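Each in structure tokens, the structures are laid out below.
Each of the next two complexes has chain A plus one more chain, namely chain B in the first and chain C in the second.
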Partner chain A sequence: MCTSTVCNTKKQNLFNPPRRPHPPHLIPSSTSKPLRLGPGLRHLPPSDIIPTVAGQLITNPQKNSMWVEYNNNRYLPTPGDLILAQITRSGPDLYYCSLSPHTPLATLPHLSFESATKKTRPQLSPGSLVYARVVLANKHMDPEIECVSSSTGKSDGLGELKGGMVFDVSLQFARRLLMSKSREEGKVEVLELLGEEGLAFEIAVGRNGRVWVGGEDLKAVVVVGRALRGADEGGLGVEGQRKLVRGLVRGMK
Partner chain B sequence: MTVTTAPEAALGVLPRADGSAKYSHAGYTVTASVNGPIEAQRRDEHPYEAHVDVIVRPAAGVGSTRERHLESILQSSLTQIILVKNFPRSLIQIVLQVEDTPENDYVNTKLVQASLNFAIMPALFQTAVLALLSAGVPMRATATATAVAIVPQDGTKTSVVDPSPRDAEIAQSVHVLAFTSHDELLLAESEGDFTVKEWDDVYETAKQVCCRPVPAKEGMEMVLDDEHTNGPDLRHFLRSTMEQKVASDLHWK
Partner chain C sequence: MPREAEPSLNERQFVLQALQDSIRLDGRELDQYRPLELTFGDQYGVADVTLGKTRVLAKASAELTVPYADRPLDGIFNIATELSPMTSPAFEVNRPTETEVLISRLLEKTVRRSGALDTESLCLVAGQKCWSIRVDVHVLSHDGNLIDAACFAVVAALRHFRKPDTSMEGGVLTVYTPAEREPVPLSWLHSPFCVTWSFFGEEGDIALLDATWMEEQVRSGSCTISLNKHGEICQIAKLGGVPVEAVSLLQCTNVALIKAKDMSSKLDKWLAEDAKRRDKGGLLAELSAENDRVPDI
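Here is the complex of A and B:
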């Protein structure tokens, strides 16, 4: 499970201390699809499913999947994740990018950009920022990322991000922002509220807990970043977010 | 002179660490930070599993051989419960800072070089487990630890749970035991003179403290239980601490 766009999830208020086999009635049972285990769960053959982290068990009978929802601070790359990576150096045919501090660098081949050839490839200098997708995340190898969809050859919005600012948020908040129904399911409304206030900005959310905000108006960029960080650190509900955004926008004018 | 206080813990006290915990019990206060999985130094790298690095810092002075000894004990027992095979070639770093130790009222101690002994082990171990849970490091099981001393008193020997420095000083033997949430013995370290019979008694006492079954319903039964058991219910404490953390993390659910 790498995307968090799951509809009609049934949730249990259940705390899972590691090593406590799940009672069978909580496991979704569908005969047509194989059971999919997401983060935080471990399968011990033949038939034990055991949580490995503390969190809330969430099951989705439609997709026949289950996972543990929890918050941590260390990003672990998973194939398909959209992330914000910073180029640290360039090798002979690939860039080395950092996804999170003190972890092995991810590789980004020079040719993984839209319509890139040996001669027309983007020249990225150390420190520049790219919005990319994780292609390969294997525990024995360094992760590999790409800025182009390998099936269509289109960039789909991925690539270098110029200007703007980067803000760090918690991994959980980044996941909430990336939900397709972030307003209903993630209970995060900051971006919509800022848009309603008339602010113009661009935004790219990386699952590695980084948010890039760009735009013409630097003031608006800072306000957006502060609103996101405030909503994340304060653990604000919808009402609290509304109040925060109103206060920040008023202070800006 | 036993300091009879219920254990207290706070999670996520250090904002920049991946996980952190502050734990105080029986006069000891320890703060732990956990970072990981991060890139390991070349000499610590293991091709198939994560290296668990434990650093114990005393309240005063710099660590010496005693601390190295405690570190090696903690390292080997924590490696057992962390799923180290999930993160080959990486490092999980646990730093334990002792903040406060109970004073021995019988000896005029001047705290220049703190000499740590086995009585502090449960506090160090418990803090490390809490910090690992807070960091979301995948684990096989949680664990609880306690120290038991055999103290001669009026010609007979009594076992004291969580001995005070005075108890530890006059004790014939001090034992540290840790159990996983599976009721498996994880760690058993002893110092001093004791018989097999005494060790068996210590084992039973420690098991009662560490592995008390979680009550199905709170109420009368719990009150009755408290009368004929000694020591705090560590497993219940660990569980309720984590439940609080999960509830505050997932406030938006």
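Here is the complex of A and C:
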């Protein structure tokens, strides 16, 4: 978080080349809240904000925040992210989990599960999957994740995932799926469309670009996975997604 | 040494369970290949093969050398495979992994030992001068079934390749540049293709073709059959894994023949298209100093 000079504000999206200071009229201004910079932006004191990557600049005047929307390939953990982690081994009082194949392992304490004590903690074998939240992530330490909300003591849907299949999608697509208004803002309608077609499945989207799909019917799970991957890899719009889902569901029956 | 990320227990279980019901993750039939694409480079002898998300580049090159002392009448033919860290961080430079050694070995057995390239025709002066043909195989992206893709790339590169034309007059060997004389194709005898079957389950009763990387990681055995479109089998490699019934192996070879014929006709088509693209104005036939004695390949 950082404060910066303020000028008149509009909500604007544009593609900005990296390494050049942002024109001041694009920076949201609010006198009550400090300006928050998200991924892809850097504050150079005293008053310059430069992008560090190429992408779409998005500003949010309500939250007085701005960030660059781009599709990075490597997942960098950020506190609060919901992620899909795979247990690699168990230590004396924590599990080591991999968030993506080529990043340092994250730690998951044995006791950060719902109502876990030393005797009742879940026994996870190497290779099991957990849906978890990132608690701690900074440059110089291994990230830490948890499967329980530390304030309420409830799991809120986090924990071990049994059965099902994991599909890899791009990080941007995972972010779009996780948006509260994924249909309007993220332009992703695949899941709603699949539901309308009468497929029964459960889903857990991890910000690390992994989506877990569970369900009784194997065919339905495969179709959901193919729809997600097709929409992601083809960069499909809403109309394209509708067509894709219709085709896949017809092929299934 | 970094290791390849292993699939989770859920994924393993799901893939195996789905295969029991003959469902594949990408919706293919069990004996169906992913879409096979081939693009030739601007130079002769560069073939870029994509098989789904697997991508292999092969480049053939020729240089003049001295033949081996024990084979004075034969040219030299080598296949070099490289799996770079670009493909996966589990591959390191100058430290060949087991996969890399196996691919090199299988390609060598399929293409070199089956006599697909007539090495005697590469000899220019007995015991003194010969062509050394080298094919470099680079794996650019790995999504399973490297062997089939690499073999197709090698065969395509060699059939597309042209070596400089030479002549022998009064004991003087002349090598012509492409400007002087049109380069000539290699003396190619037959085109072998690899078809890899993957076996699943404890008894290896589920067999499928063109496994993706995920399927390769959970399979219990594999068998590579190399054969040409006439059904002549060059080699069968079944390296470890679960034992497979002889009868089902026979069925596998029958299906493999269909696939090899299919690949052969695709390659012929692409080669013809490329020749047409290069032959602007129809001058190539006039420039060529090559004999018309082309065997049926």
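The working rule: the second predicted complex is superposed on the first by the 240 of 253 C-alpha atoms of A that agree within 3 Å, B and C clash if a C-alpha of one lies under 4 Å from a C-alpha of the other, contacts with A are read in each partner's own complex, and residues count from 1 in each chain.
We adopt the following convention: a contact is a pair of C-beta atoms (placed from the backbone, for glycine too) under 8 Å apart; a residue touches a chain by one contact, two chains touch by 3 or more.
Model, not experiment: these values are computed from the prediction.
Of the two partner chains, chain C is the only one touched by A:Met165; chain B is not.
Of the two partner chains, chain B and chain C are each touched by A:His102. Once the two complexes are laid over each other on the shared chain, residue contacts for A:Gln86 go to chain C alone; chain B is not touched. When the two complexes are overlaid on their common chain A, residue A:Val221 makes contact with chain C while staying clear of chain B. By the document's definition of touching, of the two partners only chain B reaches A:Ala54; chain C does not.
Once the two structures are superposed, chain B and chain C can be ranked by residues of chain A touched, with B on top.
Of the two partner chains placed around the shared chain by superposition, chain C is the only one that A:Ser125 touches, whereas chain B remains out of contact. When both complexes are overlaid on chain A, the residue A:Arg176 reaches chain B alone and has no touch with chain C. Looking at the shared chain after the overlay, A:Ala116 reaches neither chain B nor chain C. Contacts of A:Tyr70 after superposition on the shared chain: chain B is touched, whereas chain C is not.
Applying the stated touch rule to the two superposed structures, the overlap between the chain B and chain C interfaces on chain A comprises residues 101-102. Those residues of chain A that touch chain C in the shared complex are 86, 98, 101-102, 125, 127-129, 161-166, 212, 218-219, 221-222, 225-226, 248, 251.
On chain C, the positions that touch chain A within their shared complex are 2, 4-15, 17-18, 21, 23-27, 89.
Chain B makes touch with chain A in their complex at residues 17-19, 35-39, 83, 86-89, 133, 135-142, 180-182, 238-239, 242-243, 245-246, 248-253.
Listing the residues of chain A that touch chain B in their complex gives 11, 15, 17-20, 40, 42, 52-56, 69-74, 76, 101-104, 139-140, 172, 176, 186-188, 235, 237.
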